Amino acid sequence: MLQSSPMAWRRRAVVSETRHLLFSVAPGAVWIFIFLVLPSAYLMGVAFMTNGPYGLPQMPLSLASFERLAGFGFLGWSPGNLYTLLRSLWQTLVSTALVVIIAYPVAYYITTCREKWRPILLLLVVVPSWTNQVIRAFGWMNLLAPGTPLSDLADALGLIGPHMGLYPSNFAVTLGLVYNFLPFMVLPLYAAFEKLDTAQVEAAQDLYANPIRAFWHAVFPQTLPGLLAGTVLVAIPAFGMYVIPELLGGGKGMMLGNLVANQFAESSNWPLGAAGAILMLIATFIGLFAMRRIGKRLGGGEEVVI
Amino acid sequence: MRKRTLTRGLAGIWWVTLFFLYVPLFVIVLFSFNSANSTAIFERFSLAWYRRLFDNEQIINAFGNSLVLAVSSSIVALVIGCLIGYGMYRHRHRKLGWLIVLIYLPIVLPDIVFGISEMAFFVQIHAWTGLLQPGLGTMIIAHVTFQIPFVALIVYSRFVGLDPTLFEAAKDLYASPLKRVVHFMVPTIKPALISAFFLSFTLSIDDFVISFFTAGPESATLPIYIWSAIKKGVTPEINAIATLMIGAVALAAVLSMLFNRQGRR
Amino acid sequence: MSENMTAEIADHSSAHPTTGERDGANRKASSIEMQGLHKRFGRDTVALDGVDLNIRAGEFFTLLGPSGCGKTTLLRILAGLEEPEAGSLVVGGKNITEVPPHQRSVNTVFQSYALFPHLSVRENLAFGLKMRGMKTAERQAKVDEIAEFIKLGDLVDRHVDQLSGGQRQRIALARALICEPDVLLLDEPLSALDAGLRSQLQVELLRVQKRLGMTFVFVTHDQQEAMVMSDRIAVLNGGTIQQVGTPDEVYEHPVNAFVAHFMGHDNLFAISAAEDDWVDTELGRLRLDPAEQRDAQDGWLLIRPETLELDGEIPEGYNRLQGTVAERLYRGSRIEYRLTVNGRSLMAVASNLGQRMHNIGDRVTISVCPEDLVRVAA
């Protein structure tokens, strides 16, 4: 007859459950820890080291790479890096705004369609983003190159010089970013529109004669959580984008991602690149934090599905 | 009246957007069949670029690398991600915040930071120990790292969707722990597993940035090959490979969706 | 009544589908002995607080109580899905307290049925046999046998998605029975079904149990269902057993106010004073059977509504009360009256034999036999 004490039983159960948790979760957790957490930590450490020969980091610790990032080099201050930073911010801002302007009516249009069509329409928006980034940028290179109809048109309108082509240019980068991130905004906005409380909208239409005011008071606030989620999904990766400015931007279209990557490839200055990466990480975490905070205040509390 | 104008306007924006989304892909596909060496003027239909593709040893190698990388990383990620997904489900009542942070980290980290962290780390480890020479091995490690979260989340959501008493019914009907895995859990989440595999595969084939920074001299994948070919100068040959990749990825993605839907039903 | 049942079991035992060719003998049903079972959830929630209970072999035994009373926890301990912190569990003479569920010859019909969605009905039925290593051909034969016995017809070849609630319930029952367990556990198996189907399946379930002579432990919160189905009932509350008895014992002689309330009794009146053959309540002084006398002075007096007679002939020695009809509910086969006696509400039920109905506001004389009055502990 079993007469084990309650405490002994509980301890036994807790031990076996904990062992189970470790067994199932440990391989992946350890994997991500070793192959992502440690490398990221190492990279952050590198940012505070000195640039050695061949671009590899060495002791002593210093803030030199952050000074370099701010433009202070051997030859005094130069604005190159600062321009790159400002350009990254500007491109992020403009492309996110454009994406919102396009995605808003598109997402709303999908919700006005019949229910059985909606998944297919959403799929149509998403499918292009399944293809490789490089290939998509390459597609725009084909379209914007000198001698293509689009470039000829721009030429005829006097927007660009003769035989210039629309790429490489900052315009091409903006276009590439908008193209790349549009689906990331359409999906959360669609989710927000689909849950729209139509009773509230109808009440607002009665209340406000002006449809713009009805929209502003009844529709817009309800889509705000989706808008916010979309903004984070677009702005964070756009700020760190590498492929699009590299292919479509040329030398004058460089963004932070290129600055960072170049330090690990061509110009070889790991600490400087790592300092740039830290900047990107800070931007990422500010974005995520802001979304959580505002998301909570809006009372949505919904998780963003990527 | 005003409402109809609005609907028309919306439909107009929709079609223009759709055009915008598909034109670059369409141009690639179209010019891959161009007989002339031009991406501006279409001369006439030809499969010449595809023929040249199959004579190009570099492309064949890159294709092989992409395939080996995608298949092997997906298999490893499937096993590891599956275990995490089940662990998250089984212990969902515990406080697992640290695990959630760990799982979301690969998803939220910007590609470029992900890639250079891995590269710097591998190079340093290699300098110290001689292990982890950049090549397919390091690429597989990096790919598994970003695939794990997706597999884990798909498997987790499948488990959450199940009636929890099913687990008890399996115990009650004489299934030992091992038999529960073989005869109950794996068959029940099979659609999720297939869907997770296809998604991992697609993510791997699609990836450029992380592959680019973790690759060795001999381990260029298709996107890396395309990248360096573009850097050297645009040729319609790239259109031909790109067309094949667009087709392959679209197919894999559709399969993934189908299996996921079947699983949810 | 119990003799009848034994005869019925003997009658039908030859039709048992699962004893089969192996021995041809009657199944030996197993008894269950539980001693001092304790279970807590978390630090403070006591689910079971020292449960001692014996269930006889071949009995249809019901655990009855409100939600949170511990009945489901007790069933899960029997199945092995929950481990008791203290106490022992003996089934068929074997102590199985620490035996994991997949090694217990105990099967469960779950409330949600828990049919495996990835398997066909046939595979669901064969699952337990397969896990025990039975050969494919033998499994098929067993499935056909049970399908015949439960009258599943062509359900066997359908997919789980295509089954209705009642069909799922029967598949779940068949899936558990096919394993020939020592004990079958049923966790509110009928609660998800609508009323008509429910009573039909109650009868069917009872018939199956009587034919197999298997020990059934049934959990429900519905006292009507418990009374219809059970050989014996255990009423639980707050993790302890309040009363164990046959349906008539529990209904007619509840041991305390909780059991009385739970069995559906409304007419409970606080006793203010008592002597050998009378008690004082809010209704007034009432005579009762001296055998009904309890030691304690306090407690409750239970008057079952069907024992009250309104404006009838009053035999010698009967209690007599004056009241007014406050409410009348016509139920077809019977008529329920809410009466007001001394400012207190008293329910009475009369069979509808075509007699004159009383109207609201009528003054009536109420009579009740002293032997029908029951004293109930607080």
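For reference, chains read A, B and C in written order, and residue numbers begin at 1 within each chain.
In the analysis below, a contact is a pair of C-beta atoms (placed from the backbone, for glycine too) under 8 Å apart; a residue touches a chain by one contact, two chains touch by 3 or more.
Predicted model only: the values in this text are computed from it and were never measured.
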item	value
Centre-most chain [mean C-alpha coordinates]	B
Chain located farthest away, centre of chain B as origin (C-alpha)	C
Rounded Å distance, chain A centre to chain C centre (Cα mean)	61
Centroid spacing, where centroids are CA-atom means, of chain B and chain C in whole angstrom	56
Chain centre separation (chain A, chain B; CA means) in Å	18
Where chain B touches two or more other chains, by residue	none
Of chain C, residues touching chain B in the complex	79-81, 100-103, 106-108, 110-112, 114-119, 127-128, 130-132, 161, 175-176, 179
Of all residues in chain A, those that touch chain B in their complex	17, 20-21, 23-25, 27-29, 31-33, 35-40, 42-43, 46, 102, 105-106, 108-110, 112, 123-125, 127-128, 130-136, 138-143, 145, 147-148, 179, 182, 211, 236-237, 239-240, 242-243, 247, 257, 260-261, 264, 270, 273-274, 277, 280-281, 284, 288, 306
Partner chain A, residues of chain B touching it in the complex	2, 7, 9-11, 13-14, 17-18, 20-25, 27-28, 31, 39-40, 80-81, 83-84, 86-88, 90-91, 94, 99, 102-103, 105-114, 116-121, 124, 141-142, 144-145, 148, 152, 202, 205-206, 208-209, 213, 223, 226-227, 230, 234, 238-239, 242, 245-246, 249-250, 253, 257
Residues on chain B engaged by chain C in the complex (per definition of touch)	162-163, 165-166, 168-176, 179, 183-184, 187-188, 190, 265
